[in-house]
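Pasting in a structure now, in structure tokens, and then I'll have a few things to ask.
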Amino acid sequence: MTQRLGIGFVGGGFITRFHVQSFVGVREADVRGVWSPQRESAEQVAKLARDLDVGDCRAYGSIADMVADPAIDALWICGPNHARVENVEEVVRAIESGRGTLRGLACEKPLARNLDEAIKVRDLAARVGLKTAYLEDQLFTPHVETGRALLWARGAATTGRPYLARAAEEHSGPHTPWFWQGDLQGGGVLNDMMCHSVLLVRHLLTRPGESLETVRPVKVTCRIASLKWSRPVYAERLLATMGEAVDYTRRPSEDFASLTIEFETSDGMRVLGEASTSWSYVGAGLRLSAELLGPEYSMQWNSLDSGLRVFFSRAVQGRAGEDLVEKQNAEIGLMPVVPAEAVVYGYEAENRHYARAFLGKEEPRLTFDDGVGVVELLMSAYRSAEEERTLTLPVPDLRSFRPAVARGEWRP
Amino acid sequence: MTQRLGIGFVGGGFITRFHVQSFVGVREADVRGVWSPQRESAEQVAKLARDLDVGDCRAYGSIADMVADPAIDALWICGPNHARVENVEEVVRAIESGRGTLRGLACEKPLARNLDEAIKVRDLAARVGLKTAYLEDQLFTPHVETGRALLWARGAATTGRPYLARAAEEHSGPHTPWFWQGDLQGGGVLNDMMCHSVLLVRHLLTRPGESLETVRPVKVTCRIASLKWSRPVYAERLLATMGEAVDYTRRPSEDFASLTIEFETSDGMRVLGEASTSWSYVGAGLRLSAELLGPEYSMQWNSLDSGLRVFFSRAVQGRAGEDLVEKQNAEIGLMPVVPAEAVVYGYEAENRHYARAFLGKEEPRLTFDDGVGVVELLMSAYRSAEEERTLTLPVPDLRSFRPAVARGEWRP
Amino acid sequence: MTQRLGIGFVGGGFITRFHVQSFVGVREADVRGVWSPQRESAEQVAKLARDLDVGDCRAYGSIADMVADPAIDALWICGPNHARVENVEEVVRAIESGRGTLRGLACEKPLARNLDEAIKVRDLAARVGLKTAYLEDQLFTPHVETGRALLWARGAATTGRPYLARAAEEHSGPHTPWFWQGDLQGGGVLNDMMCHSVLLVRHLLTRPGESLETVRPVKVTCRIASLKWSRPVYAERLLATMGEAVDYTRRPSEDFASLTIEFETSDGMRVLGEASTSWSYVGAGLRLSAELLGPEYSMQWNSLDSGLRVFFSRAVQGRAGEDLVEKQNAEIGLMPVVPAEAVVYGYEAENRHYARAFLGKEEPRLTFDDGVGVVELLMSAYRSAEEERTLTLPVPDLRSFRPAVARGEWRP
Amino acid sequence: MTQRLGIGFVGGGFITRFHVQSFVGVREADVRGVWSPQRESAEQVAKLARDLDVGDCRAYGSIADMVADPAIDALWICGPNHARVENVEEVVRAIESGRGTLRGLACEKPLARNLDEAIKVRDLAARVGLKTAYLEDQLFTPHVETGRALLWARGAATTGRPYLARAAEEHSGPHTPWFWQGDLQGGGVLNDMMCHSVLLVRHLLTRPGESLETVRPVKVTCRIASLKWSRPVYAERLLATMGEAVDYTRRPSEDFASLTIEFETSDGMRVLGEASTSWSYVGAGLRLSAELLGPEYSMQWNSLDSGLRVFFSRAVQGRAGEDLVEKQNAEIGLMPVVPAEAVVYGYEAENRHYARAFLGKEEPRLTFDDGVGVVELLMSAYRSAEEERTLTLPVPDLRSFRPAVARGEWRP
């Protein structure tokens, strides 16, 4: 009776598992399939989904097989950045060849490694008329949504719109080798995580109910740096844990980036977004934070101030893990715990929304067009960092631009 | 294909609306019906459920009508305390008379006003062989569940079981008149809210996977007081807002209670639970807190440390509301915000669990037996407070005991 | 030109060193002398004072020698509890014998081990007409003083006096053997630390500028327990680190106590104080906390929320210490740091006040009379715990009362 | 016996009063004099000092009179920025003319409005061989000092030096008109407050015991903006409260600035400092914050997380004030309180240090040379902001540079 969306995942890694967990709180969809070049990963994800009872899920032999199966109504593209174009091409070919149809196609951040690829991905999806979803979980974080709504309703309504938004995403580095390789990933931490923050600050500065277009980026100033991982001892550690392809003495990626975006609003004001991102932050674990400030009000969010703290004394022995918080760096002392990470980081609300959107119950909040816009901003940011100056947007000739980090030519 | 539970609500008030909202995150159930003596309340709840798309819900003319409708598989009893017995009687009569069947019956806290009624409620459900669920949301709070699991796994496993648990639930007083009337409600804040805390401390002290019976209450010491609401100016305010039946100059209920429970564990240790509860706490809003302490570890939870804070300056004008946090007491200054209260307070996980339990997928964590146990403890606590001494459990002749507050004879 | 007070310390332990550090911020006094039965301790304290440049300080051969030296105007009694009477007797004998004079005598908490001794101490000082100071640092904590002043000025003035105060002092146990020995110390954690909290709650409930007598204790309910240190593994550890006299399998002291005091105010209201104290709290380190609650306001203080947090990952190796916070229990993870502990815990303001008081510039806030009052309340609390009931104050025959813990007869 | 320093203040405003309060905790000095062009301000400061009993203080008719008085050993220059050169000239003239001598000269931040004036101030003092002190209180904040010491000792010692420091100082705008006037003040918020943060980040990145010269600034990137005060409604409000000379529709100053400094360390590393400053931050009140991050450790400080919070409900009426925290923006809601602001912000330790330094007991930590260095960095930052690019240091021709804001020619 209730219409439900059958979802298939492309990719069987960390992010897919996060998504799968979030479906425990999604009424409108079932996780039905998963494909990964590593068959075993796909089988494990399928088992996880069944164990969580979020769908009768199985591993498929190919993306095309998922498109072909009527049980699967939509795909969530969660493979590595360097496979983006290829993955979407396979989806589109399968549809064009008549093997099957989809109600929608969702893609994890970033949409692609650079502007050229991002446009390709968007255009591919458009060619077969697919509804698209650009997956940016942080726009769905309950804290952000609630705080933003309150500030606009109680604060901005009577005293004027906010003029400064800040967002940061910081942790101690990704788990999988390809993230660390500029060519495969498209860059370093800026490409990996600043995509979250640039969209988040814009979102915060946008009046609820209005389009992101009402807050248009006009200038960007960015700095990148290698603070930790090109130090000899850490470069050596990377090599040891990530393999020979990750040699930060020769081909480092930036592990720190910060930027300022100047936006022009549709009512003629200039407002600022500041974002910071890091693979060299060693605190309790992943720290997401945001602020929004206006003439008589402000809000602050910090994911590590979760309300729950545990303490273990120096007498407590225990193995390293991630049971307290994503990417945690210690197991004793006073540690914050982030319960229900899939809810707190926004995955649950995000997946609920796009399931409903693909079922026709809501308009998708972000499409591949937004994903292209984010990549455009990131590439402008890399260029600003390379030129060490503020750039006016749009930056010309950006489609052919590849960051020095991606070309393996960055020398910090 | 997926089996779903159709749920009907008895009662159309504050707590029902909280539950309904939580079903946004429950895959296994639909809200299908609601009955309230106030038809309009029922209609509003039904509309809320439909607006949230958590089920094709409608208002029914009687509890029996809900039992009779095959669309409804289980009832959630959320009426006022004084209607408990009557509500359950109607359910049981409808079943016994063959008008319909149910897969389960859930009842909000407390199970009843006193031990006598609680036993009646339990026995009624047992008479028709119903699966039961005693609804204690705080056992499902993600923070409590996660913290408890971590402490037992990382701390207790190697250094010994915890010896002290604390829990408190404090706010500035309920919204509806019957809560304030000792006879209708069964008592004051102790009866209204200490039910949460006494179970929570016992739960925290119990090894995950083991039964609550392994941590058996053996002594209780309790104090109650009227700190705020019998002061003349506040008694007058209550009269003005709650009506003539609420006269705290003549028939006050306690607005503060604290107690200590001594438990004996199945491995022969004595451990303590401390609980505190208040209708006279004027902070940002509802404050739930808990601690668990052991020989080399501890945890702390405070629902108001939510990670999100908003600030509005004295220049911001706005109406009073509850958009920041339940029972909020100010709209300006630095205020914590609790996003997703239905998740944070445990309702979502609770309803997911009992939906699954009534569908036969899990064993119910708490049944009416547990509800009886809680009432027994609360009545022992009232008696301890009245006698101003520690009582050894079980307290004799408790079934016929009615607190002085409930009898309208309490003079603080 | 500026009149300065020369101070001598009796005792050369932990608390003396804390006091000495605080004199860095005291303009009106110099630390000139110290006596300890361990000559070496005295020498070290004298060196510390000289190194900190808080006075030309030297070790003395006896208390009487300090009294005799005109450089020393006042003594701060900081020896162990069991030496209290003896120490004060020596002071008084020296004065009565004409060897010297003092402008004042200050004594650390508690004034003595039991009511009998406390009265003796008070009467001894009175016999030679000494100005006295009962040293309770927490009344001088800047956080408490500021918060209390604000609540009374902004809150109580317009909406009525506060009705509930809470205070707690919790850590993982004292450093020195005699604290653990009931006979030497007079009891366990209740005697050692509840002296702080019972006075603090009364202080908070008292209108600034009014006497403590306006908030008179009328009932007390107390519970004590041995939560951690009589567990076999911890009893063994105590024996190993504290020596054979500390055998908690045979003569345990309570390591946890909580109590409720009912006060009657001079304007006829009943208000509550709740206090909790622990040697079995294993969190980051010493935790001092307090709350004050009234009809439209509240305050919270927690010494561990100091605004400064450090994080060390599991890769950081370091020795155990107390450089982050007093009685810290871990060196890695996210840890709060309490800078300027001698200021934050109130020692600096306390010593400034009593220096000025003994110089005649201010009236002493607490005298030995207050110290006697505190001991009376503690003894009443022990008795309540032993009798497991609420006691009405004053409790008869208290002067001869010795807690079971002090008699070595407590069996928890 | 103890040598004491007699101090005279130049200026009788907000900052002088802050300093005077801090002397309550300074043993080595007395506040003996004050001069202000407003005689009444001087009299009030003198009375404050006497009331606090920090010195037999009186108002003088001129700076020269203070120099001439043997009771005064040192001056603390706390006048407005535009009087800096003139004030120091009067000091130097008085000394050169033989009217008196001084043991030292301390000057509040910034040393002057621009590099030219800063060099003049330094050279004037050098001409008469005065010991100097550049007053930067935040280097003496107990939280910063303690956190920095811990991170270097426990973290950097074993895992490598820190690579990123952050500092911010944010509030809702100064109290006095001249701060808002670019010509008088030298700039806007960057000149007013970034002086704190640029020095603080450098200090944090410098190994304790080593000179600031070991961490040398090599690049700066800065952005300034007018976020709030040039909005018509706020420009109007400024005009109304600050007077006609403050017209932000025509001559705005920046009310927000952020910058990144790249430092080269003496051991050949590149490390970053990020600083942010605002007159457009509307939170509880003044917010000071800092972070220091390294390969396996981090620290965070936020002055508003003081451990003390008060709450007043919407029923509490009270006048606006600054009794909770400096520059507070609300009186109800949950508000942080900063007790002992003169200690927390570093004034007490700062004044203790420089009193001792001028008495010859310690080496001054910062001299006018450091003040010149700070102004040089600020001017480089203005230039970077005007040119919208990263500048390599030292920037040529900086001595004659005047920021557009100071020239009244800035159009944001």
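Every chain is named by a letter (A, B, C and D) in the order it is written, and numbering of its residues begins at 1.
The rule we apply is simple: contacts are C-beta pairs under 8 Å (C-beta built on N, C-alpha and C of every residue); 3 or more make two chains touch, one makes a residue touch a chain.
Not measured: the values here are computed from a predicted model.
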| item | value |
| --- | --- |
| Higher-contact pair (C-beta pairs counted), A-B versus A-D | A-B |
| Distance-maximising chain from subunit D - centres being C-alpha averages | B |
| Interchain centroid distance [CA atoms averaged], subunit A/subunit D, Å | 40 |
| Where subunit D touches two or more other chains, by residue | 282-283, 296-298, 300, 311-313, 329, 331 |
| Sites on subunit D touched by subunit A in the complex | 160, 163-164, 221, 223, 225, 227-228, 231, 233-234, 256, 258, 260, 270-272, 274, 276, 280-283, 293-298, 300, 329, 388-390, 412 |
| Complex interface listing, subunit A residues touching subunit C | 172, 282-284, 311-314, 320, 329-336 |
| Interface residues, subunit B side, partner subunit A - complex | 2, 4, 23-27, 30, 53-54, 142-143, 145-147, 150-151, 153-155, 158-159, 296-313, 315-318, 323-324, 331, 337, 339-340, 343, 348, 352, 356, 361 |
